[in-house]
Amino acid sequence: MKKIRIAIVGHRFMGRAHSNAWNQVTKFFEPAAEPVLQVACGRDGSALAAFAERWGWAEVATDWREVLGRDDIDAIDIATPTHLHAEMAVAAAEAGKHIFCEKPFANTLAEAEAMLASAEKAGVVHYLNHNYRRCPAVLLAKKLIDEGEIGEVRHWRGAYQQSWLNDPGHPLDWKLRKETAAAGPLWDLGSHAIDLARFLVGDFAEIECRGKQFTCERPLAEDPSRMGRVEVECAALMTGELAGGALASIETTRYATGRRNRHSFEVYGSKGALAWDMEDMNRLRFYSEGDPEDRRGFRDILVTERCHEYVGAWWPPGHIIGYEHGFVHAAADFLDACAGGGPVEPNFRDGVECLRVLEAAAASMEGAGRVRLPVSG
Amino acid sequence: MKKIRIAIVGHRFMGRAHSNAWNQVTKFFEPAAEPVLQVACGRDGSALAAFAERWGWAEVATDWREVLGRDDIDAIDIATPTHLHAEMAVAAAEAGKHIFCEKPFANTLAEAEAMLASAEKAGVVHYLNHNYRRCPAVLLAKKLIDEGEIGEVRHWRGAYQQSWLNDPGHPLDWKLRKETAAAGPLWDLGSHAIDLARFLVGDFAEIECRGKQFTCERPLAEDPSRMGRVEVECAALMTGELAGGALASIETTRYATGRRNRHSFEVYGSKGALAWDMEDMNRLRFYSEGDPEDRRGFRDILVTERCHEYVGAWWPPGHIIGYEHGFVHAAADFLDACAGGGPVEPNFRDGVECLRVLEAAAASMEGAGRVRLPVSG
Amino acid sequence: MKKIRIAIVGHRFMGRAHSNAWNQVTKFFEPAAEPVLQVACGRDGSALAAFAERWGWAEVATDWREVLGRDDIDAIDIATPTHLHAEMAVAAAEAGKHIFCEKPFANTLAEAEAMLASAEKAGVVHYLNHNYRRCPAVLLAKKLIDEGEIGEVRHWRGAYQQSWLNDPGHPLDWKLRKETAAAGPLWDLGSHAIDLARFLVGDFAEIECRGKQFTCERPLAEDPSRMGRVEVECAALMTGELAGGALASIETTRYATGRRNRHSFEVYGSKGALAWDMEDMNRLRFYSEGDPEDRRGFRDILVTERCHEYVGAWWPPGHIIGYEHGFVHAAADFLDACAGGGPVEPNFRDGVECLRVLEAAAASMEGAGRVRLPVSG
Amino acid sequence: MKKIRIAIVGHRFMGRAHSNAWNQVTKFFEPAAEPVLQVACGRDGSALAAFAERWGWAEVATDWREVLGRDDIDAIDIATPTHLHAEMAVAAAEAGKHIFCEKPFANTLAEAEAMLASAEKAGVVHYLNHNYRRCPAVLLAKKLIDEGEIGEVRHWRGAYQQSWLNDPGHPLDWKLRKETAAAGPLWDLGSHAIDLARFLVGDFAEIECRGKQFTCERPLAEDPSRMGRVEVECAALMTGELAGGALASIETTRYATGRRNRHSFEVYGSKGALAWDMEDMNRLRFYSEGDPEDRRGFRDILVTERCHEYVGAWWPPGHIIGYEHGFVHAAADFLDACAGGGPVEPNFRDGVECLRVLEAAAASMEGAGRVRLPVSG
């Protein structure tokens, strides 16, 4: 079978989640190519070595550029902080490597466009890891919407709520600095929320956004006895209109006490409605006006049947899957694409579209009011 | 319009709930007869007078037998402790009065049979107040079952769980004495749970029951410094088989910490399932194998639409009703029956059938093992 | 006991709900004054007569101005469409009558201010019927917030979602005309949602709003064969900042398929969070960081205990109440105020504050961008 | 690091789940020994070879007895149908191999006792795979109960509900034959349900059980044109009393339409209550009378925090885990035990206790009435 030899950059949270996906994918799926865990790249030598050994990466390397120059590497897996994505992705494309890129895609729209342009020019497979798209319940939502089960969409009500910054002692890490993260939850969580809206109900036509800092200073990561200025918003509220005419709202925050990773949506159409929440990711709620009037109600669908996407490859009905499984599904589809199966989604084009919305939201947050967005062709 | 002149006996919890029903019924419904709140009977003079004034009972009386002899009384509303029901109901029937009787119906099957016999002989309207039967969500369950929406029933899983006896200081009141209450939760809660099962899925063919005392002594109501022996079980578990072949379980307890008045059932059939809970009484859960395979789930039906039974008489869709509304629905139907509209259900026949199950359960609890029940004709 | 003789204007949905409250209040509560249902006013003679008879209004009248001139009337209950409130309330105040006024308070801030001024000048009791404030679960939320249980508030996420306009055949009634309703869901539902936010977490400092029409024409009520233009928005999304620094979002719509009367909020503070939904009005969800770390979770509180506000007057714990009960609670408090117990809330001052937000939202919806609000003193 | 060389027998559902655990365990945990996937045993040569390749088993073998004789095998993983467990486990113990055994433990108590005796005599590590015991939410329940948070236990209400036999076309497979499965859901599901009750609240003192066949014949697996007799019950209801005095009920069925793998319990004690459901396995519901009276409610605890057992080794808080993760946790603990860390639970002693209850239930189901159980020492 064809092999896709992978180099990964990054060995923390996402490095683990991606490595797990490369290990699990051939156990549960039948991708058209087999992944080979060739090189793990990083700067912290001892942590990197431990990471490589644990996850089965054959080699380690400290210079990712050098690795990109090797003939025995087919694909690069970018699992680093956001500000490093553009440089790596462009270089990878120029070296003819397929790219599996973590989100947020980039710090700026300009970076995003450069990444897309180079990937398209090089003709490589490019994938952007909005993992929620491969959650079986989300895919069922997609199917129901595409089949017209909820009719014309009128409302998208999304939120991505976390609470880890409630702790005033949480240090000023890279996610709280503009240089490395571009923004706060708007980028980190909003990119997921926007991608989910785009995936299910289409592009944004106009948005406005309001942000807020609840905590202005935090202990420095490098010296907790000193305080530093938080450079990004603590929460952001977006409203807008989709190209199809629906109203949309998206709320992102790291201060929603009690919500740990609640990425949720409600979507209302002329014939039905859907609701979902990542903290309860195996279930989809579906209301249909097609049901007889006296027995309408939100159905609580446990999306673990053989007829549902991906999930049948795991366990029998009723046996739920967890967070990391979406990464495995993505790995399967990426490998298929690398083996010649055509493009995979979401990809750098989605990254560009997402950044377009994010930059507009950031501008609005800074005082630009309502911002119109070009409808993508 | 025809008037039904009512005498009520009892002025505590049930006296209030019934009085409210007689007051509300003509505001929201169009019964064929109008209730006249004629006499309130009781032994405690001052409490009775206050009760009568508050609820609009025209007169008070201390001797219910005397009241039964009056020509200006058409119906008697029995809202007393259980052990008084039989004597009153038999006397009322003999006096030709219609009867609205609170549950539990009677302390013994013999009493129950005498009550039914005298009511039938007298030809009066007789109603037994299993108020849950007129909860709109329960009526929707009935409709769905009768229409075959869940197919052949295999499982009835019922429970009536309260927790008010968790408090060891709760006194030894009439509900804890055999003479006045016959039994513990088996009678008090079990009568409701059994009636609900009978209403929705049919008669019991065989049962067995296990009881338990968790607390053996409690302060005397009349002198809290002294302890008295609790004479009834604290909890009872019944299992059995219904005449239609389904398995059934019914759990009743006053020690289910955190459950305040959770009267619930799950019912599973060959084609679907239903679930309901009195603490969330406006909703019915319904699962149908008639839904396409990829979108099956328990529907959470908010039973407040105009097409649902009774509820449309109250408020617009989405506006929920509460505990007492079922009593108002019962009052409407009782008045219709008194005005010549034929029998109302549940009635003393249901009381007899329920006592048959209760006595069998009590016998089983005392060591009789499995007890077969005659199938009622 | 002191009597408060009431004249009501309006005999439809709200006329019924108010009449029920005046009837029920002395059954379940001990107000300091007793309501006398004196006169029902309206223009539709036969419907009015039937209404008066059903609910116990002693007389009917077609000219509310004349009724205001009578000495035997102490209070007026305004249960009419919004555009009639100001004229009636001002006249009532000038006539020295106490006022129980339905929401939305008024069509304009100017009207609202005139209403407040005349009521204050006259020294009459004035009450504005945001009935949700007297839902026991909402009052528990208030208590927890005021006691600091959720700490400093960071997020208010409110929504009032209905779906009755999903039906394209619904006629162009008064709620869809600017003259009678001022606006669409922004006024009708938004006034409730804003009042709830103000009640629980305080005034708005800045807002912006976006509206949308999904349906532009509807059959005329007077001639369904002809179509007329819908003059109000179909849905409105507000975001803003509260005076205390929290971010707020409020979504109002009549097109949220599957939601029948879902008035909901989530509120997140530095130490805890709360969530509530009118369709499930007897429950409050409460999350506390005061709980030990390993056992934190949203508590599902069934607010039916004796220690909870109002609800103990009804039934034992675990027995839920319904939509209309909040009106009865309001009636009790209004009567106490009329009997000399001081002001009742919410009142016309709240109406003014609410209109201030609504007018700002309307202006924003028309293109004014972000609108700052004066902080009320 | 020490290595534990494993031979697995069985390559279907459980073979996959176990293999996954051996692969994942060193990625997420730090067991004291490393598993080596040495030999996969089975009778179906080609399926076995594919299985071995997919999961990384170094060799295949058709004769498990021969494998037991090898010096390079340290442990045997028994993932076969129940009736094969006893012979394999006894032989493995005699060969000095550690044993990881799938449930149900055995077909009879006699088998179970022989298995335990030989394992104890040989001094090998023995583990019985009731995987639910290592679900973080279940472990939190255990902790809360052991700390006295729910006080003295009064009620255990358990159920294990599936629905896969609703389909009359489902063939007469090994789970429906007495010889291979001993019984129906009583063994298959009941063993889990009983173990969970024993784990959390202790041993059974007395039980009775009622079974039922809803479907008597099914197509033969080997020739679907012919029908064969179903030899086991379709559903079973147990009630009983625990040694500590609590009442218990356990319902097991494969005919609970709409329930796919709902292994659930409610447990009520004098101070609190807990509820859990495997279909929603990351959450535990906890009610505490220690909370102030006005804010008591079932807490919905998302058991994904670092302070919870096992789950912190996976992903950040709020990221849920799935069905197979419990197997990985078990693998970690089994390996620790093999490396000298002492016994692991549940083990063959638990298997014996479970069979004791199962055999008593089976006898009761056949007419033995209430059956007392010896209290285990």
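The letters A, B, C and D name the chains in turn, as written, and every chain counts its residues from 1.
As a convention for this text, contacts are C-beta pairs under 8 Å (C-beta built on N, C-alpha and C of every residue); 3 or more make two chains touch, one makes a residue touch a chain.
All values reported here derive from a predicted model rather than from experimental measurement.
Student: To reach subunit D from subunit A by way of touching chains, what is the minimum number of steps?
Tutor: Minimum number of steps from subunit A to subunit D: 1.
Student: Can you tell me the least number of steps between subunit B and subunit D, where a step is a move to a chain it touches?
Tutor: 1
Student: Going by the touch criterion at the top, tell me which pair is linked by more C-beta contacts: A-B or B-C.
Tutor: Per the contact counts, B-C leads.
Student: Determine, using the mean of C-alpha atoms as each chain's centre, which chain is farthest from subunit C.
Tutor: For subunit C, the chain whose C-alpha mean is farthest off is D.
Student: Where the centres are mean C-alpha positions, what is the separation of subunit A from subunit C, in Å?
Tutor: 41
Student: Can you work out the whole-Å distance between the CA centroids of subunit A and subunit B?
Tutor: 54
Student: In whole angstrom, how far does the Cα centroid of subunit B sit from the Cα centroid of subunit C?
Tutor: 36
Student: Mind pulling the residue numbers of subunit C that touch at least two other chains?
Tutor: Residues 259, 296-298, 302, 305.
Student: Contact residues on subunit A for subunit C in the complex?
Tutor: 150, 154-155, 157, 159, 161, 163, 166, 208, 210, 212, 214, 234-235, 237, 239-241, 245, 247, 249, 251, 253, 255-259, 266, 268-273, 287, 289, 296-298, 369-370
Student: Could you list, by residue number, the parts of subunit C that touch subunit D in their complex?
Tutor: Those residues of subunit C that touch subunit D are 140, 143-144, 283-286, 291, 293-302, 305, 307-308.
Student: Which of the residues in subunit B end up touching subunit C in this complex?
Tutor: Checking each residue of subunit B against subunit C gives 13, 17, 19-20, 23, 26-27, 54-55, 162, 164, 259-262, 278-281, 302, 304-305, 314-325.
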